[in-house]
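Sharing a structure here in structure tokens format.
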Amino acid sequence: MRSFLSHKKSDYFICAAVMLLLSLGLLSSNKYTLDILITTVYFCTIASAWNIMCGYTGQLSLGHGAFLGLAQYTSTLLYTKMDISPWLGMLAGGLTAMLLALLVGVLALRLKGPFFALATIALTTILEIFAVKFDGITGGSVGITIPYNPSLGNMIFKDYQPTYFLFLCLLALVLLTTIYISRSRLGSNLVAIRENDLTAASLGINVFRNQLYALMISSFFTGVVGTLYAQYVLFIDPAGSFSVIVSEKAALISIIGGAGTVFGPLIGGILLAPTEIFLRTWLGSTYQGAYLIVYGVVLIFVILTIPNGIAGTVSAYIRKCNCKTEQASGDD
Amino acid sequence: MKKLSWFLILMLASVTVLSGCSSSTPANTAKPAEVIKIGVIQPRSGPLAVSGEDSYWGTKIAIDMVNEAGGIKGKKIEAVVADVPNAGAAQNEVNRLIQNEKVKVITGIYGSAMAEVAAGICNRNEVLYWEHISVTDRLTKQGYKSVFRMHINGSLFGEQAAQIAESYAKKIGLDPTKATVAVVSENGDFGKSIAAGVDAYTKKAGTKIVLNELYDSKTTDTSPIVLKLKASNADIVIATSYINDGIDITKKSKVLDYSPKIFLGIGSGYGLAAYGKSLEKDAEGMIDLDPTSTPVLKNLDPNMAKAVEEFQKRFKAARGYDSPTVGYLAWQATWVLLNNVIATAGGTDNLAAMIKAAKELDIKVGSLPTGAGVKFDESGQNTRAVISAMQWQKGKLVTIYPDYLANAQGIMIPLPAWNKR
Amino acid sequence: MLLQLIVSGLLLGGIYALLSLGLSLIFGVSKFTNFAHGDFVMVGMYMAFVSYGMFTLTPYFSWPLVMLGGVGFALLLYLVARSTIEKSGLNQILVTLGLSMVLQNTVLLFFKSDYKSIPATFGSSIKLGTVFISTEMLIAFVIAVVITGGFFFFIKYTDTGRALRAVSDDRAASKLMGLPVNLLDPIAFCLGIVLACLAGALLMTVYPTTPTIGSGYNLIAWVTVVLGGLGYLQGALFSALLIGICETVSGFYLGADLRQAVYYVLFILVLVFRPQGLFAGLGMKKVKR
Amino acid sequence: MLSVQNVTKRFGGLAAVKDVSFEVETGSIVGLIGPNGSGKTTLFNVISGVYPLTGGTVTFDGRDISSMESSRVANLGLVRTFQIVKPFNELSVLDNVVAGAFQRCRNRDEAEDKAMVAMKMLDLAQYKDTLAKNLTLAAKKRLEIARILSTDPKMIMLDEVMGGLNPQETEQLVETVHRLHELGITMLIIEHKMKCIMELSSKVIVLNNGQLIAMGTPQAVVKDPEVIKAYLGADYNVESY
């Protein structure tokens, strides 16, 4: 089952333990190891943010790339053109992403299933086209290179540890928010909406408004982590920023890990992000695209056999064990 | 929940171990000083993989040939190959090559986004970055110390293209200041930087640009573009395209019975084998501006000529078709890198020596198969990279301009109407 | 000029009609959301390419092979997706996204990423007044029209067609009436995918192909289906033509780099403000879900 | 408490509910009966805001709710169950009820306590951690009631909650409804089981073909010739126990 609604304080403990383990990476100074960790945490965070909207409410967004890209362009342009520190740019990026989410939500949230997904894909593509078209502002398809001036204020660092640390903080923030939401009224409402929106409304849950909140929170974090990633790679371009692939990956990671669970996206990210890198390194240079076949097959397999993902299946198993012991003592 | 947390912890531990392993193994296997490691990055999957793969083979064949000739100072070259389909992968793989594989030289890449990311990281880590394809101007305008580009940059490309256009205009008796030019370009960085170069040059030369249109290269139907060209009634058309759109523009030109006096195609759109194959006789007379892919061997230094011949043979064996321009670009860039830079510097251990060797290079124009020479300016841009005009004649590309590279005479200039071809 | 643009657009739209009809049918009958539809177009293109390479059959002659292959791929899709029919639409999307990844990259593995094309058979054009019509496009268009006509005949006048319409109209009721829904699903899949593959084969006469070309066609197919109104087969037909015209006209007047944006904006507007499609209520008989 | 005035609902040209007016007094239990397809559920949907109404007004607790969304209607304290049970299948019973309870509380502990109270009242406490989809039909029906109960409603509308239950289960549920009534909750009940209606309601409304054909005490209504004709005219499906 989807144990999104966690009742236990132990979630905070797990969260702390995971963060502690991940932060062991800070001891390494190997940039490749750190890059893998950063990429992993980046995808964990995006997937977790995606999960807040989509795992909860069951609305499939393939347009988180739109939020990501808009935020990246906001912060990068603020930094490169007006010299505003990425620390502020990060917030600005998150907020613009949120504004876009508000607009998208008002327009598209009444759509269901494939149509919401399609509308979000279309939106991402439109933004990409505009980013290419209005090259006076965005630099067009050539993208923007962020000058390498390492300093704390510029959020650019010589070594990767500080960046990794920032990513970890963000992941922790998203996880804590997720845990908090999962215990809150919003979480309860969202899950109710996912299960049956008509019934949810009949209980007094405003379907539209709750979904909108979720979308805005989700897009905010997506935007923030996107700006951080831009400051890490030091380069953005329309094709990379407004990419449907990023959204697809977020979805893939969440779903394989267990969409609608607190730790599903984390598990998915930790499993898939390094796997992708290793597969690309091993297979990529001899069998073009072979790692994507593996990805696709895994996705199909997971959806068909364990639609609740790893976390969902594991916790269902745990529940089963608990139920057995309960049934032994109680009647019925 | 407890079990879940154990599960998580276990998984994390295994990931840590895994990434630990991957970072420690190469250190054990690296045998110092026996081989010279060179990082080779190309997009070998994803949307850029076609030309990425051609470029990869260009580089690989150059390395193989150097190795078979005994390597550099007795040391074999080992290519550490990475598939880099996007900017994120560039970040990851370049770090892997530098950190784990301990390469000191990286060469690549088809795709400017990846080139920019790779060059940035290389420069920061004091690794030589040797670019052989990407044309974005900005790559060499960031003040990087260890970044060199063998290929021409976009604005020079555009400038030379406009120059070629001008010279052809003169040839057919058009006054450059009265002739009209239409520029259509795919809206990626390639098309845009070239369009900008053309624009800058024609302004100087006083030629009038009557249409400057960008389009999406993924577009399926180019008839609106051809109709716009037709409506503009320009004497000269300079079109920058990838292959799909390039083929379609030509097809639609025929369908819509459009032939300007001079049509200059730029980029893979008009130069790849697929172009000739799918257009057959309709390709006849079409001009492609690019570094030549039909070198005139007798003009080259005999040793170079032999090497180029060998390369052509191997490329055909590996890929099944004659090397396109990117193959030559990759091959000659790698060839120069190995024989003239690394060999002079005595290996890859000393970055300063390699930079010095590169900066001191003085190879005259026409020495390399694409007609280029090598002389880097302060920013690391090769100032002696040239483009040429190639033309489809009897199903094959031949070089018709400049004269010192030409192996055939230009035909069908100005272009006759379609029914007279 | 406008006339020329409209004619070019119509010709393009004719081929779009083939891919969207198939999508519309599968969506109508099986309530199945296929996000890999464009990839079947790509597969169709490659099948046409292979038949040309192996037997020098142009797509005008290799269509039986393409159809046969299409049936095979349809059954593959059906096998993979069967368990998600009548279940969560979300899972259908995800499964087909996964399938799309597998298809694209399998093709990449076997054919590499080069552009594959076959030489034009005619490559000329016909001039009607001031309007030029590409022979290739015209033939493709005529074939598309014939296939579409045949398809509508099949849907209207055969028992299977009637059954498909009934299931499309009301799946639950059709089940209660004893219609073999489990048999009709694979039939709808086969028809739909075969149409997509045929569209691919026709496109192959005009455009080169690469493994990733399908994503674009996938979106076009969906845009068309939504504009036409879900499950309205005739609607899909008209909107395909409309999209074709919209592409050429906006490409000319607005700029060739904005034309995708035009129909995506149109798409979003229709989704949000007129979810029943552009043509609903215009006296069109519905083959609705 | 609830006043329905001249309510009409059309689907296309077809009027599912025609010009229906009635009142539900505070603290009463009103039964709503009629043959299949007579428009009972449509009336529920119109009152609870699932469908917008075509004509007429609905007032609840002194406020016009005619054009209100269902979630706002529910927030005012008027909630309903569905004829075909719609539990949140993938959630535990507790989470199902908590979803309702959260409409009145801010934090989770409070919501859980409230939910437990409602669950105890409906004999669901022992299934706390069971997934809703694994419950028996009877338990699912009780779950529906527990869920709406936890929203602290002023009035509830029950749509055939006894349908498909065996006599014993029915009896238990009637018991429960009585207890809820004692808590001061006003009720409007659709029910086919005449015995339950007779036992529970103080007033019965009869719909046929979307029109109100009779209203009054249960005893009076069953003797009404109009009503008998309606039921005999349609399939005679008033279950007799």
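Going in written order, the chains are labelled A, B, C and D, and every chain counts its residues from 1.
Note that in this section a contact is a pair of C-beta atoms (placed from the backbone, for glycine too) under 8 Å apart; a residue touches a chain by one contact, two chains touch by 3 or more.
Predicted, not measured: the structure shown is a model, and the values here were computed from it.
Enquirer: For which chain is the distance between its Cα centroid and the global protein Cα centroid smallest?
Expert: A
Enquirer: So what's the Cα centroid distance for chain B and chain C, whole Å?
Expert: That pair's centroid distance is 36 Å.
Enquirer: Quick one: report the Å distance separating chain C from chain D, using the average Cα coordinate of each chain.
Expert: Measuring from centre to centre gives 47 Å for this pair.
Enquirer: What is the distance, in whole Å, between the centres of chain A and chain C, each centre taken as the mean of its C-alpha atoms?
Expert: 32
Enquirer: Which residues belonging to chain A are in contact with no fewer than two other chains?
Expert: Correct list: 129, 132-133, 288-289, 292.
Enquirer: Show the residues in chain C shared as contacts by 2 or more other chains, in ascending order.
Expert: Where chain C meets two or more other chains at a single residue, that happens at 105, 108, 112-113, 255, 257, 260.
Enquirer: Where does chain B touch two or more other chains at once, residue-wise?
Expert: Within chain B, residues 45-46, 49, 53, 187, 216 contact more than one other chain.
Enquirer: Mind giving me all the chain pairs that touch?
Expert: According to the stated criterion, the contacting chain pairs are A-B, A-C, A-D, B-C.
Enquirer: State the interface residues of chain D toward chain A in the complex, per the touch definition above.
Expert: 48, 50, 69-72, 74-75, 79-80, 82, 86-92, 95, 98-100, 102-103, 105-108, 111-112, 126, 129-131, 147-148, 151
Enquirer: In the complex, go through chain A and note every residue touching chain D.
Expert: So the residues of chain A in touch with chain D come to 1-2, 5, 7, 183-185, 188-189, 191-192, 195-196, 198-207, 319, 322-323, 326, 330-332.
Enquirer: Applying the document's contact rule, which stretches of chain C touch chain B when the two form their complex?
Expert: Result: residues 1, 4-5, 8, 12, 105, 108, 112-120, 123-125, 127, 132-134, 137, 206-208, 210, 212, 216, 247-249, 251-252, 255-257, 259-260 of chain C touch chain B.
Enquirer: Touching residues of chain A toward chain C in the complex: what are they?
Expert: Interface residues on chain A, with respect to chain C: 58, 60, 107-108, 110-111, 113-115, 117-119, 121-123, 125-126, 129-130, 132-133, 248, 251, 255, 287-290, 292-293, 295-300, 303-304, 307.
Enquirer: If we count contacts the way the header does, which residues on chain C are in touch with chain A in the complex?
Expert: Against chain A, the touching part of chain C is residues 33, 35, 80, 83-84, 88-95, 97-102, 104-106, 108-109, 112-113, 211, 219, 222-223, 226, 255, 257-258, 260-261, 264-265, 267-268, 271-272, 275.
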